[in-house]
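Below is one structure. I have some questions about it.
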């Protein structure tokens, strides 16, 4: 049963990757005007952010509403390194991301000690405290006057500027997705998922849970900071109120959740939907706060009716259509089972026992016939 | 060096502020500690209640305190519905996580509707006694602040008694801890959980009215309250009403005193410092902490 | 028979508020044996496991494993030293399939090991082997949370065995397991023991305890009151009074 | 414009793109600005439009959000192909918005980027359509106070400013001058924009017994601070707050205890400038109340753009924009706030007036040549 | 003899999955212990959940005292006299032992009766009295089970559904529990007992019922089932453990 599904399980993602990559890369040439292109940049930025968030949220189940703060740190870090230290833009970006990742170690040390609701609160607190610091420490950060990030390509016209950053963001997204995919299929990833399910049990099975959480938090922080920093270079104006906003973090959660946190492309799908939805609500309810209402309703609908996200919901639907309901009950009685087993071991002679013993000893069983 | 008079005045202001914090945190404690629901929308409801108080005062000419006659039952009803229609649909395994998002959505919806109905303009109740005050050993106590404090004290005491001394309180806690077992001892779990939520929201109605007496309100104000309130309930020990009250008073006082040397912005960081200190040294909270498990 | 000390504690003490759960417990388990730890409810057996595996810190006392002091190590480090355990209130990863539950017990080494694919053929086969031996292979693709109590219990056991511990601590492995299957579990324990694994089993099912163990330690009020082979324990006065209750 | 840019015929309206904070923190003044723009469009169209073409406004809501304001102007210029753009409200939004306009080469006249930061960005297409920037708002008051005989002159001053470039700019503009003139600063508080509880700040000011209290406020924070000060029964000799006291709802908001409060303003309905009479009349007819400062600033913005378009004779994206910019830079425009001209950074060269609440009404008291009443100092108790 | 509780041709399952119970009929007369045995995952707990109203059957009927109560929730069922003790651990972990036990009498209005019952269970299970004020979640596994059983003794129902009440209990407590079960039966209660401690349970039971694949496989007098060697091997266990494969070192 496990084997039978595999080929399909491999082809579908491969095709999805190709289609997605083609769509992403051809978008700039299809975009009718620079505005649409800039909207594309925004959506890609969302996608990178929510994918980065999903390193922590998706694998470990720790819901951080504070990832906006990490993006903000990346943005301010990049900006300050450019303006104060005079580093070239992209060097500053890399250095800032590394610094934020380093900073994520102590932050993670404090925050990852607590679970569930307490962690959510800590993550909210992180944003709020950084907001206070960046607002108050005006001599460094410019405070509420904001900070202007010099353009990395000063000669570029605005449409060209968008196009360049579109590809930069696409590259970053590819990198983040690759990293997520690698972890997802790895043993490290399985350990993280075990933490999500039952942290104490995972620890009791020998997973160094704290180290695992910390590592993935740092990776997530690094990618988030990269996205934030790249955004700063693209956007140009930083204001603590917007950089350190709970809403940013919440949108990341919304997008990841909407797409499906257990899926590689979940956050990307979520970013697309949210990106479009925000744009649509803005156009539709332009000058009333009803766009907030619409966003809220969208989130509520997802939570209530698609708690696992759009992708699993679609998958579930397809499954239900294509396959009859399966049962977890063994379809044979105890007596039949005994007879079957007896027959099997008679047919295979002593091999059955040999198999089992080899398996126990950590050896390689010669046959996998049981799974036919 | 601040003068003695300024210190004394700040202590008084801090205590009055702490009282308000305590009431507002109490409702959160209820959902959070007892029902495992992270209620981000609590402060949005608070602002909603404040708006209703403001609206009934400025449009109908009713004293804001009287508006509670309507808002408290109304909010109770809302809470019951909210729990029964929305939160009850969440899967228990992911309740904590999903409740964050669902209540976040509710908060945003409320903010949007408030903005739509009342516009984003900042509002303030204009009471005849708004700037009235009386002296106490050289300090001044504003009448409105004292009323807010009184409201908070009464509501808190009532809440505490309800949770500790009545069968309802027991039934509520049992419902949250093991729903099936609670049903099997005959508790109407749906109704009880609904009422529990209703009571939480009713405290928001009282708190919102108290809040409206002496501050400006605007639709997005609730974001401003979430941080300090969340910090308070963690410091106080999740689920402990007296703990939250103590933490609120202490932090309110500290904020007020720290404002003298540090200014408004830095003084607010006390909440987060206290939060991190709590997590580092006593994750179960400094004042409550009867809970057996970490969340 | 070898007399190698495997897991040993000296004066292990743990009090929760006024309740003294472990009261200076000094116990030695021998390598390569099936040991049983029995005692009335609340006598400190689970607490003993928790202290030994680092899940809680003892107030005082020492734990050694094969001569090494492991008292203050983190739980995962103790697992790496070779001690695996199951829980009394059985714990599985609820939203993972049975197969993944078992695979999650693999302990990778080194960075490369961490990043290797989790569904490597070797490991899947091994996991499958365990599921089969515990009679739940038909549930391999089923999420653990939808399993019956006994099925979860078996799944947990499969997970621990997958992590390939040298010494296995089982907290009430028989609780809720069908008696017909229990016989198979007894057999399994003996087989694994024959391969050199040490067992410490907490259990109230005396048939299982008496039939499977070489050495029995009886706990009462947080400390051992008797120990010896089953034949001896069965007739020990103190044990009869404190535990078997006749 | 349905057919996208480029092929404008004489019948096509001139589309003017604007993003405004219609919701969020700046929604109240944002709506004032919106009314001002609408009044300008109507009055202009009633007179036959610009270059014989109707004027059409395309207004988007930026939710008081800097990310949004950028996306809005991006959309207006790049996607909607508007012919002209004008600015949003508040310095915080003006700066990012101006950068978009700049990078698309558009003329950018704005009604509300008053803080000095706006003019330090090196923008070449930006012009602030009001008499003076924030730091100069209190110039007349500073001159007045420093000219008082030493024994009457206030000795100490307390400042409290919102953490906002504009609000701080006003308060600190005055502070610098007074401090240089020997008036000691005893309290200097900054509070975040979302502050609602002013008890502690007021306590500090009251405890300092400063002669003079200056609030760098937008609107509601000013109201709150005044009420908190009154609760503590603090009676300064002089109290000045930026923008709040000029709001029509101010008196009611603080329970009518307005006696003697001062405020700077760039606009008065009674101003003698020729276009102002028309503006006040038609605006009042359109909206039922007379215009305030925010409305006037927006109207002024419209006037500046109209003057440039009329003089240059074009209004579309492309080369025309640079001609408009050049024209504005080198000319003086008659507006409802008086004749305006700009330096190289787009900074206007005028000054603000000072108003004071006297007998339940707000009156201009400085400068002497424009005054409607005498400044009362020390102010009566509130 | 009229059945106190009767499940007639019940089909039931979880969510959208295939049914777990597939046309199952069980009835328990008053004053009788019926013991359900069967492999893990056979559906024993599911039977009890259907009987107490925790799980609504897809088809089939549930009769209590001859009255059709199909589809009623647990509160209504309790009111009709059906009590259910869950498998595993279902104490209210963050409430005290006292609160747990007293909540067992949640539906009782009579204060005196509550006091009397409390005294009774305190005497029956010493740990309840000793740990009266501590949080139930901090007790040991077996102690929690005892508290749970004590909680269920606070009311005096007509039908008791017990899901592995002896799991995790030490021999003394196990005996106490079985004694109580027998006493209930003697007082006229209908007891539906699920036990993996199958031999011991059948020894105390009147009727036995072997469940497999969500159907009743065999049912009959308990003694008869115990005597059946085939059933013993398949469901009741009790073979001596196989000798070790290789000699011990």
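Chains: A, B, C, D and E, in written order; residue numbering restarts at 1 for each.
Just so it is clear, a contact is a pair of C-beta atoms (placed from the backbone, for glycine too) under 8 Å apart; a residue touches a chain by one contact, two chains touch by 3 or more.
Everything numeric here is computed off the predicted structure, so don't read it as measured data.
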Neighbour overlap between chain B and chain D returns A
Sort the other chains by how far their Cα centres are from that of chain C and give me the top one.
D
With centres defined as the mean C-alpha position, give me the chain D-chain E separation in Å.
77
Measuring from the mean C-alpha position of chain A to the mean C-alpha position of chain D, what distance in angstrom results?
44
Any idea how many Å lie between the Cα centroids of chain A and chain C?
37
Which positions in chain D touch two or more other chains at once?
23-24, 163, 192
Among all residues of chain A, which ones touch two or more of the remaining chains?
132, 135, 288-289, 291-292, 328, 330, 334, 357
Where in chain B do residues touch at least two different other chains?
115, 120, 223, 263, 265, 268
Once the touch criterion is applied, which pairs of chains come out as touching?
A-B, A-C, A-D, A-E, B-C, B-D, B-E, C-E
Mind pulling up the chain E residues that touch chain A in the complex?
16-20, 39, 41, 43, 212-214, 217, 230, 233-235, 245
Residues of chain E touching chain C in their complex?
14, 17, 38-41, 45, 87-89, 127, 134, 138-143, 145-146, 164, 167-175, 196-199, 233-249
Given the complex, residues on chain E that touch chain B span 52, 54, 73-75, 78-79, 83-86, 90-95, 99, 102-104, 106-107, 135, 137-138, 151
What does chain B use to touch chain C in their complex?
93
Interfacial residue positions of chain A with respect to chain C in the complex:
1-2, 182-183, 185-191, 193-194, 197-198, 200-210, 328, 330, 334, 355-357, 359-362, 364-365, 368, 370-371
